[in-house]
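By letter and in written order, the chains are A, B, C and D; residue numbering begins at 1 in each of them.
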Amino acid sequence: MPPIRVAIAGATGYAGEELIRLLLNHQHVRLTYLAASAKWERSTSVSEVFPRFAGRLDLPIESLDPARLAASADAVFLALPHGESMRLVPSLLKAGKRVIDLAGDFRLRDPSLYPQWYAFDHAAAEWLSRPEVVYGLSEFHREEIQRAKLIANPGCYATSVLLACLPLFAAKLVEGDQILVDAKSGFSGAGRKPELAADMAENLRPYKVNHHQHMPEITQEIHQMTGRTSRMAFVPQALSIERGLISTLFIKTRAPLEAVAEAYRVCYTPEGAPFVTVRVGSFPQLRDVVETNDCQIGLSYDAAMELLIVMSALDNLTKGAAGQAIQNFNLMHGFPETTALR
Amino acid sequence: MPPIRVAIAGATGYAGEELIRLLLNHQHVRLTYLAASAKWERSTSVSEVFPRFAGRLDLPIESLDPARLAASADAVFLALPHGESMRLVPSLLKAGKRVIDLAGDFRLRDPSLYPQWYAFDHAAAEWLSRPEVVYGLSEFHREEIQRAKLIANPGCYATSVLLACLPLFAAKLVEGDQILVDAKSGFSGAGRKPELAADMAENLRPYKVNHHQHMPEITQEIHQMTGRTSRMAFVPQALSIERGLISTLFIKTRAPLEAVAEAYRVCYTPEGAPFVTVRVGSFPQLRDVVETNDCQIGLSYDAAMELLIVMSALDNLTKGAAGQAIQNFNLMHGFPETTALR
Amino acid sequence: MPPIRVAIAGATGYAGEELIRLLLNHQHVRLTYLAASAKWERSTSVSEVFPRFAGRLDLPIESLDPARLAASADAVFLALPHGESMRLVPSLLKAGKRVIDLAGDFRLRDPSLYPQWYAFDHAAAEWLSRPEVVYGLSEFHREEIQRAKLIANPGCYATSVLLACLPLFAAKLVEGDQILVDAKSGFSGAGRKPELAADMAENLRPYKVNHHQHMPEITQEIHQMTGRTSRMAFVPQALSIERGLISTLFIKTRAPLEAVAEAYRVCYTPEGAPFVTVRVGSFPQLRDVVETNDCQIGLSYDAAMELLIVMSALDNLTKGAAGQAIQNFNLMHGFPETTALR
Amino acid sequence: MPPIRVAIAGATGYAGEELIRLLLNHQHVRLTYLAASAKWERSTSVSEVFPRFAGRLDLPIESLDPARLAASADAVFLALPHGESMRLVPSLLKAGKRVIDLAGDFRLRDPSLYPQWYAFDHAAAEWLSRPEVVYGLSEFHREEIQRAKLIANPGCYATSVLLACLPLFAAKLVEGDQILVDAKSGFSGAGRKPELAADMAENLRPYKVNHHQHMPEITQEIHQMTGRTSRMAFVPQALSIERGLISTLFIKTRAPLEAVAEAYRVCYTPEGAPFVTVRVGSFPQLRDVVETNDCQIGLSYDAAMELLIVMSALDNLTKGAAGQAIQNFNLMHGFPETTALR
């Protein structure tokens, strides 16, 4: 079987770099085109930007040319800042390409949410609710992903929070309509932007409390599963380390712990969810998951408070971005789900 | 006025080192005796253990000798592992010394709590409820501290959580009886113990979830203020940085934000609480408080959820340990509260 | 005695922030004017930029206005990017102000060196060699500093290297004319610029090897002391931590270790050099000096190789910048050298 | 072809963990036995010690049993503290096993050096100079490694320094007999020992200056290549990050830069040395090599000083330990050199 020709737009960002790193080990993929954002001025070799790929990949990084993007590849990963992929996707889909978009442009079904959460009007609103556009939370949409043309790859916080709470919603065990989340992410979660390095050094910094753009995709997914509207309190914080994300969820439930644990086991069987592990009574630390595509979930229940504490750890660049994107690519193409991810 | 002669037991730990650092700038203090824990084998110069104090303090660090501890000083700071100060305090108090204990030995009034939370039976249980023994949360017990003989200096998490929620309890604005806390501390919070350095490198590690020993002193203080028994969900986590602590509290309240903000303002006036700052609508980061004795508190209210988010940041070694200890020392001796802390 | 009125230009950079932190403890100083660089758009309170100074300093940070700078103060600290102070200094000196310049603008006597090392032509070349302009290496120019009008405060690497080797040159113990230096600095040494935070995370990064701008001030000082021209190999590297600097020097000498040690002892007596400590046979680590104005020097001699290894550690923001600047300020004004620095 | 059965002794250390991580991707290897050091008390699952291997490796970690070690495997990696493998190797070799030893026990040919550098008398001295025992610097001993029974895998510093200087010695371009080295390593280089985490946090710490045990293997290799005795000044330092190692070498040479560069090119062709890259005029940073088996070398020459600066960067756990060990394993078994290392 000839390899799938794959292009990456946004190859110089964190997620783009992680895509290159992982896809170099994918036996069915040949990278054919690497594009940086429009501001990139000249063609540069990969090894100049990322010396660690020297000798392993002989491709230039070029300014993004939409025509070449379509012509060069069978499948396209878009790892661009929010608001750019909505201008590229329609023509890629019309040209018959499979697209995995790591930005937020196609995650929300309701176009009216974009001005509020992303500060732009959507330029391709008619695509948001088409059946070939699928929210790529691999563990919960496996079959739709297999048939999809465009994957809206979930946000890193959304992946962490949804994997932590959807089994409970699926089992109708959540009391009330509130989920309270305190989440901490490595600073790479915000993308490769010039920052004051000092803000990152030895710090913990809350930001976008209760108005982070991953919130509406979380409540949208809960609504799709339950038909209910939930309310979310969300406290994201940037850690002074590069990679990794842990979320703590406080969820009201009256179910006994055994019923709760069973709800997670049903959703995450070893065969059906090879990257998700659930522990009862202990909690994951970041080092358990960094540089893997795994999500580890820990549970603790306080019967007197009728309160479940769930902690969910993953690597924001892997399961929270490039790894899950490749997992979805594998599902779309009928490859084993773990290809290039183990 | 002659300086107060001050001894430190536990001088080689994090809190002991911070006490030395701060007290070297205290104009009314003369350090007279530095003792390490019992395992210390021989007398060593301070500058051998802490080269940064070279030339500024000419004292040996010695094995702890209780008789010399009492003889050498007018006031004693105990910065020992939990369970050691309860054996030293009675004789120090009988000898008329003022004592500030940074361990947990005298924080809980009910001796029956010690086996559960500290894994020891209390050896001086009769002292726990005496009036001259005061829980040293400076901002809330100023007058008792001025008359105290023994200060049970609060735990770092407890300081952070109590400063964040007591104003709301004082104003009777808390709905229900639950407080949910996700807290992150620099690894120095666990004391200077040999650890696998790898566990600290680039990590975030939950530990003692719902069974950390600072929990009962928090509920004890809330009970003392309100007469009510509260329930607490508590998720402490170790950051891979040395200093600093941030707590996120989710608290149910139906009060409008302005009433909430007023409750904090009443408790923390600039004159009455020089180290506590409250912000509405924004949140502190660790760098705002590290190496200061300040506690910064941020508030955000979601009316639809009837939920207040409070974040409280401090330096676990300063306001969470040695700094608050010196603040209490200043109150006990009638010095301005900020002496040596600004 | 009324306090000295002090202004800081460049108050928002690392060195500016450190100047504020230290000068708040200087009993003879009143801060009167804080200016950011010209790009600063509006007046902002100090506590908005640096929340940790909230409640301690009630001054705005303003755009730099040269007229107000001169009018507001008796003494001025300039902590601006290289190339800006040469335009401000002449009028400040003519107005009778004492100036301490933390940039490189007045460190080199020979104006022809500026295009090569700083990439600008000097706009005030006639001032470079005037007697009232003094290179502020406190330990070696104490008397000139007392009479100076303008201090060219040494670079952080230059301070570290010169304190490490000048005693040996003074004693005429250096064989040949070469000094080989490998130096590592916290990233704050490069100033508070937007950077890719990723470049700082978990990294060690060589930069400007053999063409760092601190090299000519080092060889200039050696020449002034010995009359000899020396050659320097210099490998600066950025650590992924914020503060601290260690230099390793390899120096040829045939003197026995005792003669070498004596050369250092003569230069750095406890009275004459309260911030410099010399150890024979052991070496300082960064933690020994961070957040102090100390420089710790360690020596090891290999007789067979006729080679001395010298390591010199300091905090690049304190002894390497703001601390030494205040040390020089103290010398200029007749205050004890350690005022506000202990 | 059936897979090679492989055992790891010392599986819980840093190098052991890295061996597991890499060998899980080796298509010709089946892990059959994982042993910790003798102190390990009970058999534990890999996933309990290293949760990130959960689901990928179903082996216990057991106390080291020499008989089982020999019986379980065709090839054995020994990643034990120095001084343990010399007691295990003779019987393993007699049983016909291929052994790769990551400790220092078989690196030095002269047994009389062990008391001085490793503080033990060698218990298997007669093996040190046998032809089937080979120093495993892959790039310089490829053919001997292919025929070897026991590989003495080089130390991390030694690998970095030797790859940086041997081409110059091979081309007889070194002037004099001295090499001066300043080297910095992530703290994992010292092995997984309980440490004061504080000593690692935000620090740079010199240790074992001029008496590190990697020095004699460096001079031994230079002597073998040149017949000359060299002298080395060596300043190792521990970085407060986990992985990565950079060495700076100052080497005297009169050869022009082009001749120097050619000497490196001859030694490190793309085919003959797939993991070594040489740059002229620029230098590698740690991030270029971390988590790879690559060694990147940068060169800069100062003609007036007749001095070459060489910097060499690698990951101390990969090319400096487990990666080079697998590279040698591949050479011994006739697999492509890069198997499981790309």
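Just so it is clear, contacts are C-beta pairs under 8 Å (C-beta built on N, C-alpha and C of every residue); 3 or more make two chains touch, one makes a residue touch a chain.
Keep in mind the model is a prediction, meaning the values are calculated, not measured.
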item	value
Any chain in contact with chain B as well as chain C	A, D
Per Cα centroids, the chain farthest from chain D	B
Gap in Å, rounded to a whole number, between the CA centres of chain D and chain C	40
Chain A and chain C, separation of their C-alpha mean positions in angstrom	46
Distance between chain centroids, defined by C-alpha means - chain A, chain D (Å)	37
Two or more partner chains touched - positions in chain B	198-199, 202, 241-242, 284, 287, 290
Complex interface listing, chain A residues touching chain B	178, 180, 182, 184, 198-199, 202-206, 209-210, 231, 233, 235, 237, 239-244, 246, 248, 250, 283-287, 290, 298, 300, 302, 304-305, 307, 309, 311
Residues of chain D defined as touching chain B within the complex	14, 187-188, 192-202, 241-242
Contact set on chain B toward chain C in their complex	24-25, 51-52, 54-56, 202, 270, 274, 277, 284, 287-292, 294, 296, 342
